[in-house]
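Listed next: structures, encoded as structure tokens.
Each of the next two complexes has chain A plus one other chain: chain B in the first, chain C in the second.
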Partner chain A sequence: MNNGLDCPLPQSSPSDVVSLAHGEGSGLTRRLIQDRIKKVLTNPVLDQLGDAALLGECSRQVMMTTDSFVVSPLKFPGGDIGSMAVYGTVNDLLVSGAVPHCLSLSLIIEEGLPLSVLDEVLENIQRACEECGVFIATGDTKVVARGECDLLFINTTGIGFARDVLPLGPASIEQGDELIVTGPIGQHGIAVLACRNGLNFTPPPLSDSKPLVAELAALEPLMPRVRCMRDATRGGVGAVLQEWAESSGCTLTFRVQDVPVSLEVRAVSELLGLDPMHVACEGTMVLAVNSSTAKDVVTALHNAGFPCASRIGTARERDIVPVTCVGLLGQEQPFQEPLGAPLPRIC
Partner chain B sequence: MNNGLDCPLPQSSPSDVVSLAHGEGSGLTRRLIQDRIKKVLTNPVLDQLGDAALLGECSRQVMMTTDSFVVSPLKFPGGDIGSMAVYGTVNDLLVSGAVPHCLSLSLIIEEGLPLSVLDEVLENIQRACEECGVFIATGDTKVVARGECDLLFINTTGIGFARDVLPLGPASIEQGDELIVTGPIGQHGIAVLACRNGLNFTPPPLSDSKPLVAELAALEPLMPRVRCMRDATRGGVGAVLQEWAESSGCTLTFRVQDVPVSLEVRAVSELLGLDPMHVACEGTMVLAVNSSTAKDVVTALHNAGFPCASRIGTARERDIVPVTCVGLLGQEQPFQEPLGAPLPRIC
Partner chain C sequence: MKYVDEFRDSQAASKILASIRQLAKRRWRIMDVCGGQTHNLVKYGIEAALEGVVDLIHGPGCPVCVTPAEVIDVACELSQRSGVVVMSFGDMLRVPGVKTSLNSARAAGGNIRTVYSPVEAVEFARSQPESEVVFFAVGFETTIPATALAVKQAAALGLKNFSLLTHHVRVLPAMLQLMQGQDIEIDAFLAAGHVCTVTGFEDYGTLTAEFSVPVVITGFEPLDLLHGILRAVSLLETSECGVVNEYARSAAAGGNVAAMQLVDEIYEVVNQSWRGLGVIPASGYAIRECFQRFDAQRRFELSAPNHVNESSSECRCGDVLQGKLKPLECPAFGTKCRPEHPLGAPMVSSEGACAAYIQIQPQPLGTT
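And then the complex of A and B:
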């Protein structure tokens, strides 16, 4: 198994790795924070290093989201735990209708993690923050003994300010509404699985881990006509549809032939016996929109450089099952959720 | 070793424990969230279960703090990880000058954790929230395989609104200022250590884990004269003094005979070779105040029911070492930070 950011654990000397003393609150903790963490993530708010960060005045409604990241391995084709911890939380704010403002960052580190791995993760966090126009406002660092966690877990909690028009949410989905995805699905889960299991594809499947900033910008003028949006992370697009069907009381139907799936994801999914609809995305979202808006939404996404954006299905009056799929031969059947746990530690 | 909340892992049947599938984003995840987490923590904001919580309008400055809790065992005399995760984050907001408003809650659960343990932790979280006047606004749940974390890690990130007068911070500490602690020190670290190591004292040492709400209320009228406050968690009062000495450029001196230490903490500390000044508190804070204010601060705390509140030392012009202590015989000597890691997973 890949031990992290191309930097295996056992070869490091004691001074190159995180020790329990780094988490004890005394001098080594302050050095770790001052010389490594603050140095990379520096900004006027974080640099105060108070018990709480002063974010300043806000004239609009505050929105908050939290996410812990336990992805294994720490680095995978197309991304790493650091950038993903920023993008994932930024995306949760974006799809909820917020303008992301800042994040907190909490690290749980396994004793023995090479400091070089920590440095690389911090740099990826900072780069991702700059890309998304956010900053790390406050943080926390804990160290646990070997075997008590797996290298590194990260929590980011995000604060944003509500836009003037917020999506109504999944309860507002009505019969006749259309379902849209912004890009090819399942990319992230397949990339992590292939990497973790040593499946040597050339080129390897790439995660779609990225912020949804450009998609949201393209959809801005159409936002008053969007019912709801959701980044299709754990459980994939399938889990979003199940949840929306529950919330709306509609049956949601998607057409297999209209769902964009890359050749790589299709190949690996078949190899592993997975349905891409159940596999996590980290830079692709699902929207439910009024049917008269669907074409405009897809056109706007195509024009903004997302050629795979597709209308994949519709909402209709609830019949027996919450979600159905129309297969390649036109037959409709219930779409079941997986009962097992095929994809642990994808995010 | 104590496995948690009096509920050992191996005896549970599969349906009574958290499984990897509970973290996969599909039906079991939704059931866990709806039937257990939301049921206990219910409030109008959390109940929306959106990707981000809408906290509403705020007319004052927003403050933010984050903390991950990895304490082992999950339950200890005087507290547990759930209440501590609320109190710890609330206290960080309080000592920073904020009125706590709400928290996010992120759980990282080890596969096999008994659901009864999770339920008990959630109930303790809710009870602590009610005590502190805050609520859980949003959350996240991850499950990792056996051996990839240790039962349960919790992140709470807190949002509060700044009071009219904020403490100036440790850089404002001046020569002649006095140092005050609000209660007996080292209680929390000693309680966890004694419990973890099976030291059977009767009665066992109790953690001081609690919110600092009453202390802050008592000090409210004096707040404009307080330089800075800090809850003395990891590293204990000693780590706070080291950090404040660095920030202020003063040498801080404390008098051993004036530092309140309970008989139990003194006994266990001597047994384990620890200095209580290095041992974590979870409901005791340190203040630096102008010398003319010190007496009023201690009187206010005594009158509010904190009889152990004490003036323990002073700030003076920096000499060679940042922190010194005056021993029982009046001799002054440098106060060193511990180099090792005597107290992992105390919080």
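And then the complex of A and C:
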């Protein structure tokens, strides 16, 4: 094991890497933008290379979100920082009820990053944009000295147009509503953890990093009956339930045995003493829906190719505990959030 | 998942629970000595399901909790030294020493890294010859062979920048000490299945012979735990006494001979100081003379840490660690002592008994 402090990078000569000069506004900066970034991400709006992108007029309500991506290693089984930076922001727009339109892209690059790695990230960004039907409208590049960031940080801001019917939000969750997840949970966090720490599982656990476009399309006809949606990223499904319990004033209860968890994620979680409910997803969302709609929602997701979509619990009148789980012996007990990042146990 | 699902079958669990309820004519006091077992008894609702039938009490089974505060301070101090990297298991980071925790020491500039295996620390030392790598080696017999292997590998590689700050502990001497105490009543033990997988359980005969206390080697899954409790109750009800293995898929009487030979090659048995329990004879391991160059204590010429008396009127973690007090009975539990502001180690460690109980303790919104 190499302690997984970085992803395996090819040996590079100085001309093959990003240097501080690439960020100092000189010819090297222009070359970096023109020959690498614009070349890959090209589209009529970006190609203007103005200080601000002209997006034109629109008759719909405009929605905006932003997110920063600092994953290490940059490439992991099932994804990479580039595609994740697109999917993550697109998913935030989608679950808020927007049709994603375009993104900004801000790159903070550590001096010494091989240009070949940057090229690969840019290509993955472009591929992900095409997959999601969005484009990069504007961007920025900064280079910082070695040690001031971890190879590459990315920020994307997304703009989308509001759909006719927006989800009401977690405050609208009522007693009797059902909780649904669209796929197996904890995939992303476990994949990155295993890769980062050189835990060589065969097969390696894969991240679920993907856009939620197909899920949203499948749910479109049912949307007026969906109370709220959330992609269960940092903190996992557990964190979403805690937030929703606070917003709604209900107690949210889930049944441990109904939560879909893949064999790989279960195995790694069992070994390391982690609870997949606290582990990040990057392509799985949680929904709260009216109980009469729950069956239709799950059927629609199954028919759209998401066989693991499951009804995992319900909302009920608040007692003193915000989130509870029903375990093996049918006992209901409080489900607490971890303090900080979950840490693997000793034995 | 094989070896997991079949041991979490809720119908089978209900049947065993019914058998225990039917069989137990007295409210027997059964102690586990493993943090993993404590957590699963609470997490799977077994303790709650047996309330009023069997008293499950939790002994000093959390390796992090029994590491003395002053030893943690030594690790923190080492991490602040120029060129030194302290590596340990993640579980160790939040546990408070007398002055600070590894987490706080790291925030204050200490060079501290978490690893999943001591062998990772050896690999790190090999790749970073300019660093002095100290692995903070705590744990029971489950962990000790891995740290012994790390020393062996470091020796084979000829590393001159790798050492261990050890606080290894042995379970059986602690069980004997608990039985010798006057103020605790233990009717039977659930012995830690994974410790026994390494050490075997032939030595447990001395415990049963001397104190007439049945010992059931028990695994960790809900059905393992229920089978262990059922067997203990059955032995107690028929006045039988002996060492019974209910974890045969992992533990054998002779243990893991290769692992124990390795431990014996690197370490010698010594008296050890336990947090909350004091010094217990022959309850720990120290690095043998011939491997002393890998002993951080000698390498950095550290003086033996002064034992700190942590007796506090508020935190009763010593009594909790000895099973004299249930976490819920501690006056500070859940109020002055919580995971975000712990007074004692059992509230911090993921294997600590207080941390297990707080997980299922209703907690009104806005208290954190």
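Observations
Definition applied: the second predicted complex is superposed on the first by the 332 of 347 C-alpha atoms of A that agree within 3 Å, B and C clash if a C-alpha of one lies under 4 Å from a C-alpha of the other, contacts with A are read in each partner's own complex, and residues count from 1 in each chain.
Note that in this section contacts are C-beta pairs under 8 Å (C-beta built on N, C-alpha and C of every residue); 3 or more make two chains touch, one makes a residue touch a chain.
Just so it is clear, the model here is predicted, and its values are computed rather than measured.
In the superposition on chain A, A:320 makes contact with chain C only, not with chain B. In the superposed model, A:331 lies in contact with chain C only, and not with chain B.
Once the two complexes are laid over each other on the shared chain, residue contacts for A:162 go to chain B alone; chain C is not touched.
Of the two partner chains placed around the shared chain by superposition, chain B and chain C are both touched by A:246. Look at A:182: by the touch rule set out above, it reaches neither chain B nor chain C. In the superposed pair of complexes, A:20 makes contact with chain B only, with no contact to chain C. When the two complexes are overlaid on their common chain A, residue A:310 makes contact with neither chain B nor chain C. In the superposed model, B is the one of chain B and chain C that contacts more residues of chain A.
Shared-chain residue A:231: touches chain B; no touch with chain C.
Judged by the touch definition given at the top, the superposed model places A:293 against neither chain B nor chain C. Within chain A, the residues touched by chain B in the first complex and by chain C in the second are 246, 339-340, 343-345.
By the touch rule above, chain C contacts chain A in their complex via residues 1, 4, 8, 10, 13-14, 17, 35-36, 43-46, 48-49, 63-64, 89-94, 113-117, 119-120, 123-124, 127, 138-140, 142-143, 194, 222, 339-340, 350-351, 358-365. Residue ranges on chain B touching chain A, taken from their complex, read 19-21, 23-30, 48, 50-58, 60-68, 70, 72, 92-93, 95-96, 98, 102, 104-108, 137-140, 142-145, 147-150, 153, 155, 157-160, 162, 166, 169, 230-231, 233-236, 238-239, 242-243, 246, 278, 280, 337-345.
The touching residues of chain A, counted against chain C in their complex, run 1-3, 197-199, 246, 257, 263, 266-267, 270, 272-273, 319-322, 327-331, 333-334, 336, 339-340, 343-347.
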